[in-house]
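In what follows, a single structure is set out as structure tokens and then discussed.
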Amino acid sequence: MKALDEVDFRLLPGEVHALLGENGAGKSTLIKALTGVHATDAGEIRLAGVPVSFHGPAQAQDAGISTVYQEVNLCTNLSVAENILLGREPRRFGAIDGRAMRARAAELLSRIGLHIDPGSALGSHPIAVQQLVAIARAVAVDARVLILDEPTSSLDAGEVAELFRIVRVLRDEGVAILFVSHFLDQVYEIADRLTVLRNGKVVGEYATAKVGRLELVRAMIGRDLTVLDEVERRSERRVPSEEPLLRAENLGRAGSIAPFDLELHPGEVVGVAGLLGSGRTELARLLFGADRADSGHVYFDGKILKLRGPRSAIAHGIAFTSEDRKAEGLVADLTVRDNLILAMQAARGWARQVPRRTADELVAKYVEALDIRPADADAVVGTLSGGNQQKVLLARWLVTRPKLLILDEPTRGIDVGAKAQIQKVVADLAAEGMAVVFISAELEEVVRVSDRVVVLRDRRKIAEVSGTEVTVDDVVALIAGEAEKVPS
Amino acid sequence: MTAPPLVAPPREKTRVPLTSRVPSRFLPVIATFVVFVLTFGAGSIRYEGFATGQVVANLFIDNAFLIVVAVGMTFVILTGGIDLSVGSVVALSTMIAAATLRAGWPAWLVILAVLATGALLGLGMGVMVHRFGVQPFIATLAGMFLARGLCFVISVESVSIKDGTFRDIALASIELPGEVAITYGVVIALIVVAVAAYVLHLTRFGRTVYAVGGSESSATLMGLRTGRVKVGVYVISGFCSALGGLLFSFYMLSGYSLHAVGLELDAIAAVVVGGTLLAGGVGYVVGSVVGVLVLGTVQTLISFEGTLSSWWTKIVIGVLLLAFIALQRLIVRRQPVK
Amino acid sequence: MTRSRLLWPLLALVALLLLNLVFTPSFFALRIQDGHLFGSLVDILRNGAPTLLIALGMTLVIATRGIDLSVGAVAAIAGAVTCTHIATTGDAIGGMALALGLCAVLGLWNGFLVSVIGIQPIIATLVLMTAGRGMAMLVTEGQIVTVNNDVFAKVGAGFLVLPIAILISLAVLAGVALLTRRTALGMLIEAVGVNPEASRLAGVRSRTIIWTVYVFSALCAGVAGLMIASNVNAADANNAGLWIEMDAILAVVIGGTSLAGGRYSLTGTLIGALVIQTLTTTVYTIGVPPETTLVFKAAVVIVVCLLQAPRLTRTFRVPVPQKAGA
Amino acid sequence: GGSGGSAGNSSDDTITMGFAQVGAESGWRTANTKSIQESAKSAGIELKFSDAQQKQENQLKAIRSYIQQKVDVIAFSPVVETGWDTVLLEAQRAKIPVILTDRAIDSDDTSLYKTFLGSDFIDEGKKAGKWLVENSDGPVNVVELQGTTGAAPAIDRKEGFEAETKSNPDIKIVASQTGDFTRSGGKQVMEAFLKSQPDIDVVYAHNDDMGLGAIEAIKAAGKKPGTDIKIITVDAVKDGMTALANGEINFIVECNPLLGPQLMDLAKKVVAGEEVPERVVTEETTFTQEQAKAALPDRKY
């Protein structure tokens, strides 16, 4: 199999160069080939005109190429400070100087606007914080080349702005920056030039200023995008059926989220908005029973529901996709088919195997519906591109036809076309009567798909807004409004 | 446009609900230590003459070699590997020492030869694991067969060590205050522990060991020299086993091919009891030392009990081990079981 | 991929058999004697049956990221209980049933420690490895219990053309293969082994699954223990199944199953077990002196591993399986 | 002066003995343990017993703890010959007499222990060899089932046997392999021998259990043990004696595990300060098939 086919590609000092393409186009593979993770079987790489060949990322780093790979590739068992400075720890008398290290890490973190304890374990932070830490690690060195593979996939607007500020500073210092993103807005904001990949081939190289969105999207997907604008703001606000599907009363968990009330109606999409660390994921995990609540009750279909763990939630028709697909989502070594039917199979019990034919039909259906590539049921999921993995994860829950679907960052790392597709799927599911909880760092998306938006701040539900007139700015105002009063 | 603050202001509470200031990663070690102290206390109440300084000192004297071996094992396990060869390498070391001393080699040369052999065997296994991608379990099982086999090739019978230097080191004791005496073996073992702790926590090599254990692929993508570390830990373990073997030969003053049979399980048990995760990335050498002391205490309790039949001895060892682990888990229980 | 990985162990097996042929020209000779097959190959099968059986149980345990060190002790207990029962009552069937029932309980115990208490499998089963042998000795009072029972003798040494022991093991192999591949058990076991947290969130009953594999492993060990005891018509609590856990794990790993859990191969385990037993028999037949036996074994294991492991991992550079939710 | 003189054991008249057993690795060893425990009770000696699980280091620990507990006499069956000097020196300093049982130690300093009570493994091998030399005519092909590689009885029984049979050029050891002192080991090795060795006249097994395993293998091959192939073993445990009486074994050299009574006698003398011989050989005999039939009814183990 050929992942990359004779790609020619130039990266100039002092420019931000965006690499674009659909999920599975070969962006990450190109980056891995450039940095010596994958061996190349043809072609050469020149760094500042000198031919180089890297046997492993360590050599690429030594040559001044600093990379943030797509999935967060850090060690969750180590502290934040260590993850930032591993391999270049400050030393005193030959020994690692822990205090200096934490101080340096804190400084680097504050550079990207993250104020967390550098001594805390990385694993205790959500995936978005981990992603920021990875970025902090990459910008900590004086690199000649900085490569960022989807660094913004789970960040919200504020963090993205902060990241771009740093990127601009580095660019002005003459660093060559390669940037991968599925957010066209971001690309237009930051990139000087772009290269588009499709199926492992370069489609074209453009100056950002000279190429329009539609042209760009056409280059990426090879045809005109039709679905993109289909999912418009849902025009009429759905009248929730008087009986809520799920009603949470005073539900909370000490140290994770303050008790809150929430009603979810069939056929309704409820968005959850909030800052990084505001407790969105926690709210979702409580509703699903992944974490145990220590206060409050959940009523489901009018009856009180004892959530003893994911199984009991699933049994009642509640589904949850985790934001951390690598650690909590996919079973990397198993095939697409196995991953796709995992939840369904688990619900049926081990004795009643999902028949092979049914499984293959389901795979075929969702490969088609979500455009999963490669369209091979026997592909090992770990080898799929990030976006395609995310689609498999989503499909896993769609096949169980839940009554309530909780999506935590379902569009993380998903390309423009597929993102619209997923939003459409969500809209369709709701239209069919499913209740959906939709969490995303991208506020536009939340506002666009939701009938109602729950706003969280500081691990507390502070507001609930609904109606067609709700705008992103309203939500931002809610999130930010009182936050400014909190002394920091 | 004024960007809202990036993240919510820091909160006191974190996801791991721990009221104390003790970082949760120390909990298993502390728990093991607490359980160790409790058991020791129980022993002192039950048996006369148990709570003497010398009994504690004996724990170290009798287990000095195991401490050293467990330290090496800790390195390997921290990277997510395992080293089954340690027992055999200990035996091989005693055998080489005894045989070369009998052949008239000077003591220093013998010591060098033994340590070099251990490190070399470790290197071989490390290369198998890293370069050829052989699973650590098999690579070191082969090493185990090889080392034990070499023992038999050298001599089937046991060989006494009569060398003056070795005897002097073996028989010398260091008086501590309170009428407690320890051997040089204990001193060496404690030095090894200190050096190991230094290496693991204060050098890049050591931190990379943890990183590799946490996630090898991530460590590689972070640009760390994972290969060097993966081979390195087996060299260290081989070296520690050889050093442990030397301590064992001081302790026994003999070389024998059936010495230290099953020691690898003791070492692994000590490391794991000490709170290190077999999956790698989590654990401390100090934990392994406490683990060794725990196993030693079990043995001491049994010899103080003094009337157990052979089978009850085995059962009691199992039960005590279980009690330890269960208590330890009870203390650490608040951590999520993943 | 698994198929090509099995190529090398298979070749090793063939090479070992051919080596025997060089030393003993009649090695492959089979003759019918008293209505059953007789020959070195048959011996290999019969003597390898207990290891194979235990390795089958071990394969599933390893697939869930576990390990079961207690199998040798459980085998000893099964033999001890059965022989003691036979010695006192003469009832072989009852004795075997009793023993297997007890083994199931021991498996439940291991599963309890691992899945409910959350103890690391190696330590959880180490407890039973130590105490279990003591229990076996307690049953026999440290003596070798010799029995004389035709029914019991069949399990380990009987023939139905082929040795009954190997027929049992192959039947279990077929049964497990069917059970795990025709139901979803295999896939769920692998899912739990690769990513326990993701499986939990997908609603997999990981606890039940882990519990099941330990019980299965203990039952396999129990039957193997019956075979070992029956083969010599005696229960030797001290030596029955001593270090067999190592052989079993080795068989599993030679068969290409990773100790890190996940994908497993029962066929691989079969080949692995045969390689190990052939190796042992080879040592006896070609007259390797006992002093160099281990060096010889080490050499074979190293060669098999080096042949098996490198090429695939180098050429495809399959990304190292990500460790999730450690 | 030291602390806790009163920590010593009990009143002056009862003797406390610390006994450090190797383990319980065989039926022979269990019989040995039982004999010691029973005779201690009947001799009125308080016995502290520990099982070392076949590990020398555990035995050392046990002996150290006996020294700590200030027992009156220490006895032990060494796992291995070497490596006892240090701990025995400690015992000597603590003025606790030491008795070796079962197996000697390799030390230049014989003052470290009072006496050694036990069998002579080399002699056992010699007895077996002698019987073979006396009872064979014409060429004899012997296969040897060795004990655990490196174990002292295995080494010595091999050595003794070879020394005795060397004199007769007709006796050839055609194959020798370890069966680990176990029945299954003996059976497996014998199965392989039966296929790789065309002519086997005699099996020499280092213990009864391996011999019993070999019998199973010989039977399975369609031959008659004791007649088609002669069998010589060492130990004389009950199962072995039964097989001998049934004609499936031809000759057994006894290795007596019942050291208890002799040990207690020696212990009393040693504690009383009496002189004891440096070496006490246990009374051991050999059994032919006829002798076995006669002896079997009142065999204790």
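Letters A, B, C and D name the chains as they come in the text, with residue numbers starting at 1 for each one.
The definition used in the following text is that contacts are C-beta pairs under 8 Å (C-beta built on N, C-alpha and C of every residue); 3 or more make two chains touch, one makes a residue touch a chain.
Given the structure is predicted, the values throughout are model-derived calculations rather than measurements.
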Where chain C and chain D overlap in contact partners, by chain label: B
Most distant chain from chain B by Cα centroid: A
Distance from the mean Cα position of chain D to that of chain B, given in whole angstrom: 35
Mean-CA-position distance for chain D and chain A (Å): 71
Chain A-chain B separation of Cα centroids, rounded to whole Å: 42
Interchain centroid distance [CA atoms averaged], chain A/chain C, Å: 44
Where chain C touches two or more other chains at once, by residue number: 137, 141-142, 197, 290-291, 293, 319, 322, 325-326
Sequence positions of chain D contacting 2 or more other chains: 24, 30, 33, 149
Shared-contact residues (touching 2 or more other chains) in chain A: 76-77
In contact (per the touch rule at the top): chain pairs: A-B, A-C, B-C, B-D, C-D
Residues of chain C touching chain A in the complex: 182-185, 187-188, 190-191, 194-195, 197-205, 209, 262-263, 317-319, 321-322, 324-326
Chain B partner contacts - residues on chain C that touch it in the complex: 69, 113, 117-120, 122-124, 126-138, 141-142, 196-197, 237, 246, 249-250, 253-254, 258-260, 290-299, 301-302, 305-306, 309-310, 313-314, 319-320, 322-323, 325-326
Touch list for chain A against partner chain C, complex: 38-39, 71, 76-77, 288, 290, 309-311, 314-315, 320, 322, 326-334, 338, 342-343, 345-354, 382-383, 396
Chain A - residues contacting chain B, complex: 37, 56-58, 60-62, 67, 69, 73-78, 82-83, 86-87, 89, 94-96, 113-117, 120-121, 124, 129, 137, 157-159, 161-162, 254-256, 275-278, 457-459, 476, 479-480, 483-484, 486, 488
Residues of chain B that touch chain D when the two form their complex: 48-49, 52, 54-55, 58, 62, 98, 151-152, 156-162, 167, 170-171, 179, 248, 251-259, 261-262, 299-300, 302-304, 306-311, 313-314
